[in-house]
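Report on the structure given below.
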Amino acid sequence: MAFIFESKEFQGPLDLLLHLIGNAKINIADIFVSQVTDQYIRIVSQSEAMDMEEASEFIQMAATLLLIKSRSILPPSPEETENPDENPEATLIWQLEEYARCQQLAAQMQDFEEAASRLFSKLPDEYPLPPPQIELEGLTLEGLIAAFMKMQARFLGKEKEGLAPNRVIRLDEYSVPRFMGEILRKTKRGSLRFTDLFSENPSRNEVVTLFLALLELLKLGKLRVSQAHSQAEIVLNRNNKEVQPLET
Amino acid sequence: MKHERLCGIIESILFVCGDDIQLQTLADALGHTIETITEAVDELEQAYLHDSRGLMLKRFNDRLQLVSKSDYATYVERVLQPVQRQSLSQSALETLVIVAYRQPITRQEVEAIRGVKCDYSLQSLSNKGLIADVGRKETLGRPILYATTDDFLSHFGLRTLKDLPELPANFPNTDNSVQLSMEIEQA
Amino acid sequence: MKHERLCGIIESILFVCGDDIQLQTLADALGHTIETITEAVDELEQAYLHDSRGLMLKRFNDRLQLVSKSDYATYVERVLQPVQRQSLSQSALETLVIVAYRQPITRQEVEAIRGVKCDYSLQSLSNKGLIADVGRKETLGRPILYATTDDFLSHFGLRTLKDLPELPANFPNTDNSVQLSMEIEQA
């Protein structure tokens, strides 16, 4: 029997076996008393150009068929249970029957698929939409008042703990106008070294604010700065030509 | 109807096509004269007038397109763009209380009372149409002034701003706050 | 017709959407009960049976899509470029059949029936949205369980899983198959 085997033509070993059973025109249950299993083993063993990945399943089936064949020749081993569910012959016949039904259903499904593919849908329209509408829920005067009460409680709580609001702290710490006033006050008595302006451990915020205050005073012409050389201390002096000092 | 089946076929083609199509193209493909096609299209157009139909024909020159019926546009929009339901966050509510009682008010003034940045909540209230930009304060930087809108009144079931509940005691006074914030800036 | 206007509105919406839409979405947007919407959809479906209509409804689970009538498909293809039809490979189809009839099912269980590795076909069906991962089987290794999707129904033109072709007698029971496959592997 000339049979050129292409593993890609079959959906695995069960498909090939069913194909052979179909050719032999026998019932699935008669597979072992027919030539089909021998044919299968011959086809698989003769095919040389088989991809190992695909071949493994075909070869495994060939091994199962050989096992079944050897069992039919040898007397059953004494340990073997007589549970028919556990003998490879019944297992294989069952699997073949299962798979045959699965193929039958697949063919029916293919018809459904074909019919459904004749239903054409349409692409969504590019529909111009108005701006999205937002509906606010849970808006009540009670809610509004509750929000207020919460806020007030937070406020009062802070006052009770003696915590001044953040803004007052910022006010006391660093502000350009405040530092301007301070520089002017300190230079009243004479010249002042730039480094003396800073506190012992000045924060970045303090340095920046002080420097801005200094630049502002220079711009306003209220201060003069001098330096002996590039590495020397910067010295600040009140600009005496300035008629009206900032602080009175 | 004289051309029942032809009407159905044309509807089918126009539906799948989506775009406009020439009468001549239909005539050629279906093996009919332009006159027959035109008759069928007229019948189709007539049938679409019925309330139970959601489609209509757009005809221009010798072209034809199936489109949705304009009468039902609002319903289409309702499905394509459902109304979004949202509620206000605590911080948005607080900001709204302040704007409601102290309008018109600038962002800086609201922040002075709440003690935190309010750009985001003002923006969100503004997007929701509860407050609006009503001008600029004639002061340094000319900051934007916010006030509540008519939508605000309707959302809270108020007829006028006078219907707002009486101000509970100790409500932070804006003028004070403004003063404070000015001090910060000018100190 | 009892729901004339509603039919027209639904037709209009389905036309614009193109895609499938859930009955619940329509009910929510139009402010009707699911029952009323279903009644109107049934009427619409009935009206489409007439020759003069070129459209029909594709219904699957609680979804709805407007499509061209299959009777007129050849005419549609005469005018438009043959619409691309994608059909499934034999191996994908076999795998899909097993998942459809035995859902939820694990890869190992599918492989026990087909007798070959099914990773690839399961992956490809999953990518096409025809099956989906619906959880894990509480057994050794907690394998993924697969089931078919709404898109599966739509692809095959089925309304529900009950419309699947009747199961031939003695269709394999999954639990048995697993047991069988274990034996085969250890044989």
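Labels A, B and C are assigned to the chains in the order they are written; within every chain, residues are numbered from 1.
The rule is short, and it goes like this: a contact is a pair of C-beta atoms (placed from the backbone, for glycine too) under 8 Å apart; a residue touches a chain by one contact, two chains touch by 3 or more.
Please read these numbers as outputs of a predicted model, since none were measured by experiment.
Based on Cα centres, what is the most central chain?
Here the chain at the core of the arrangement is A.
With chain centres defined as mean CA positions, report which chain is farthest from chain C.
Chain B.
CA centre of chain A versus CA centre of chain B: separation in Å?
The separation of the two C-alpha centroids amounts to 32 Å.
Please compute the C-alpha centroid of chain A, do the same for chain C, then give the distance between them in whole Å.
Each chain's C-alpha centroid was found; their separation is 29 Å.
With chain centres defined as C-alpha means, what is the inter-centre distance between chain B and chain C in Å?
Centres of chain B and chain C (C-alpha means) sit 36 Å apart.
Going through chain C residue by residue, note those that touch at least 2 other chains and give them in order.
In chain C, residues 15-17, 66, 68-69, 73, 76, 83 touch at least two other chains, as defined above.
At which residue positions does chain A touch at least two other chains?
In chain A, the residues touching two or more other chains are 120-123, 125, 127.
Over in the complex, which chain B residues touch chain C? Could you list them?
1, 4-5, 7-17, 21, 25-26, 29-30, 47, 50-55, 66, 68-69, 72, 75-76, 78-80, 82
Which part of chain A faces chain C closely enough to touch in the complex?
11-14, 57, 61, 64, 67, 85-86, 88, 91-92, 94-95, 97-99, 101-106, 108-110, 112-125, 127
Given the complex with chain A, which residues does chain C contribute to the contact?
15-19, 56, 58, 65-70, 73, 76, 83, 85-88, 90-91, 93-94, 96-98, 100-101, 112-117, 154-158, 165, 167-168, 170-172, 176-177, 179-180, 183-184, 187
Please output the residues of chain A touching chain B within their complex, sorted ascending.
Residues in contact with chain B: 120-123, 125, 127, 129-130, 132-141, 143-152, 155-156, 165-168, 170-171, 175, 177-178.
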